[in-house]
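My questions will all concern the structure given below.
Labels run A, B, C and D following the written order; every chain starts at residue 1.
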């Protein structure tokens, strides 16, 4: 068995598990006891695969970035999750979870969102299935990701602001969990990343694993072998990274590079670089790495990117980094924005600011001219245009 | 036998357990609140350790927690405050908080400080049963510290029995599957649940909490269990009251006598 | 030979040709004399196909819209051009034309744009190839399609406002043509629709024909036959419709339904329903149907949709409609907006307002429960969120 | 033989052709402008039919066109104005506009009105050669109406010869591959082009236009061809001038005499 799969209690090594109040126990237990058999069911797989193909637009291309490769003097392939319906990898997971929710007879869907991509992806699948949808979103994120708020509303979802804490993803997640506690019977909570109590990290990683499943055969088509030298992905909760790493976790010759948001700098106090300044603890029902005080209070994170502005990482990534399997790279706001502009002008692809963090890693890591590097292009930057423009005009305001 | 066990040996019904968030409304109100609750005739005090992300709690407790943290509450201070209160009262005290607080403080150190301060038990709603059994049960017992797990209307019987087996002190019966803060008026489903709990003849006494805010709710809870836990309603009273002592006496009086 | 291909002078029946001033003759003639051999070249085809696959994300799915089909009691398939890189079918053409431009040794690209999708698609391929890009856009469209203006700038293009006339697509096209006249040597003009002088309508239609090429085999996969009963597409200039109709033009049993923007109503004076109120004439170098006065002055069009706000249609469509091969349907602003909201909530897909006109046709045309209808989902509605929201709040301002 | 042919028979060099947009600056200025241009010693008048989308023209002419249309100019009125002017002058007049205007008016009707009004020739820059030959050549000839096609520095020799074959009256030599409006100063490439045109010994006389705005430009054009066409500069003068008559005389004087 893989070293990087959950054990029978839902742990990756020492990380993971389900640290939840009894009030959530029935909901989580119902899901835990059924998700594997649901996901393995043939009818489920058929519907899931057909929606991924005909609705989401999979397989997404693996694109050889010629000009970027030339500039960096290596071989860079981009996994084009930005071409997924709704504009990011998030929908791979929401398609899967809405099918699970239907099989659990749930009539109401809740979700948290940071960048709004998961919220849009959830609102989308709820519209597709005709199911009620409520999305919790930090007040600050509602502001900085306005286009996605409009999209969710057009799709028929209700967007509820989370006003506590830093008013970002962490707080939206708290609110969603509270909603679930209050509505355990009819509601399924579609978590948007590989975070939360077991079985979420495993379930979400499996839904996202289609990313590396495709990279394998696509790379074989391109260069005759399945394995690149490195896979780079940004990590908020870590779902796109989990998907891009998944089928390479046991292939020791493939470097796994996880890019965290350093915000204003790892040491600045305004950061979301969890693996550097975080420590083991519990957040949102999972034992993992998180940013906290000596007293165990969760520290409010900061990143220019709403999707990475989270004080924890998924337990799988905590394990991959803790065990040395994955390398963590910290990328500041400024580095990410520079990379976002650069990639736009070099390849005609405007990346999400989250994704721009992954591109910025090229300035940090060592590689050879003969290397093959896959960057997971987790999402498109349409939602971030206002931030990009403000940054370009030196008008960007960080008011934490 | 610690103070909680002694309490339930002496008093089988009408137990009144009041929760408050340490550090709220003022950083140094902890000792006064404990003493006044004791004086007002409360049976058991639950001291909330304020937490940044209290996801099992409702809005009232969440807000009181963030005020307490802003006031500067932290665990070392809290232990001192409790220890100081313990010099002046013998009322059973439990601490309630989140597992991460214990983890970061260091579980051993945390338990030692509890013993030292005169804390009688703990409630950590997100601590899994199995993890308690494997890692902490023995240390708790050695320290004479109780532990209360929660049950809800949705908790299955075999799990209730397991919880009863592991708990030491009392079982926290959540009256409804909803976060704290709303007003209780028991439904048939809840009444069934209370009946079912009674019928299981558990080793631990049962206290009903969540959403109780009046004599009516208290009486109803008492008629189905050994007593009631009140939290949010008390915190709101503290927020609205002027004088700590009179607010507390008035509140407890209103619960017990209407 | 097909009845719907150009003759050797570039005419579809009586429509088409190249009505251009001598100043443009060398540019157009250079292109005319070379486009076919360039497009047939094996190296060209290889590069074109590989970019369509790995960069654009083709094939785009053909998605069976379950809930919409149920609602309309028929069988509706959506051709998902909204999933193309940059969000609309426009990029199929710009990829093709940038490869043509490279083979003509052009160093500078100009384009006109209405909705901004063609401008973004052009800026995108110019970034991809590292070529200078200037996009002309009506001042009014710059306002109502602000997100696309931001995207073009991020991609490194210069956006020049067209201030004359109605300040929309027609005027942007005039400006682009003027630019080309002034820069005939080094510049290629990437026209964004099946309009303009020969060979543009034919060249653009051929680049877009990949749409119906895919529909054929995809429909065969879905239902065992290549031909649907009807294909529906919106028509501004008509490139997405040309692409969706192309391989069905000679299949008489497939209805071709072209949806024009009626604006405030065909008879309102505020419309872009060219085939209804237009007549034969010359616009942008092509003999076609256009909206004009008795004196041959071009009438300023109006539609809520910037991409359909054009007083002409491509000569192919003039011919298809004039010959009775295609049916023209006029869709008002209100009908289109209603359809846009409806599709969003029914299928989780927010269509471009242009595309919403095609969906609204379902309320106009007759069909049977057993029919198979393909709607060309030409683009996504991200660029239109502000207009959708303003409409929903009754705040939409039409100031012509 | 119409007035244009007669002009070029009588005068081989220094021909001055002035363009203006009918209906600009005022709706009813057409007749006065024509008469005054004649009086000022201009050889040939080019009457622009204002068009909504004049894509072969620069900004000046485009703006004058949209003003003229706003003023209410339309073809029936324009033909009346020209006809009325024709009663008072024998100056050769050509109309310049876009093919769509002729198409919508009806080509036959349009040509009849030209004859009737005393128009001597047409310039329709977007009318293809072959379409003229196939559809209109005979009617034009029957009506005694000239036609001038454009050539540019980029036009290939065999095409120039074809254009010469089809044109009747003069050939409009565009001095540069750029829309009208800029200031001319001839480059080597342009000089080569002028030489080439001269060497072809065409049947039609040649006038050079686009970007000429001063005596210097006019003289240069004349030294390479039979004369010059001036448009945008004249329109700007009309816009800036107060009195139509004196503005026109001043402008023409400045071109001819500096």
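Observations on the model:
What we mean here is this: a contact is a pair of C-beta atoms (placed from the backbone, for glycine too) under 8 Å apart; a residue touches a chain by one contact, two chains touch by 3 or more.
These numbers were taken from a predicted model, which means no experiment stands behind them.
A separation of 37 Å divides the Cα centre of chain A from that of chain B.
Computed from the mean C-alpha positions, the centre of chain B lies at a distance of 67 Å from the centre of chain C. Each chain gets one centre point, the mean of its Cα atoms, and the points for chain B and chain D are 97 Å apart. Interchain contacts link the chains end to end along an open line, per the touch definition above. By the definition of touch given earlier, these chain pairs are in contact: A-B, A-C, C-D.
Across the complex, chain C is touched by residues 51-53, 55-56, 58, 62, 66, 69, 74-75, 98-105, 125-128, 130-131, 149-152, 154-155, 159, 174, 177-179 of chain D. Remark: chain C residues 53-55, 57, 60-64, 67, 80, 82-85, 87, 123-128, 130, 147, 150-151, 153-156, 341, 344-350, 381-382, 385-386, 388-389 touch chain A in the complex.
Against chain B, the residues of chain A that register as touching in their complex are 9, 17-23, 25-26, 164-165, 170, 174, 177-178, 181-182, 184, 279-285, 292-298.
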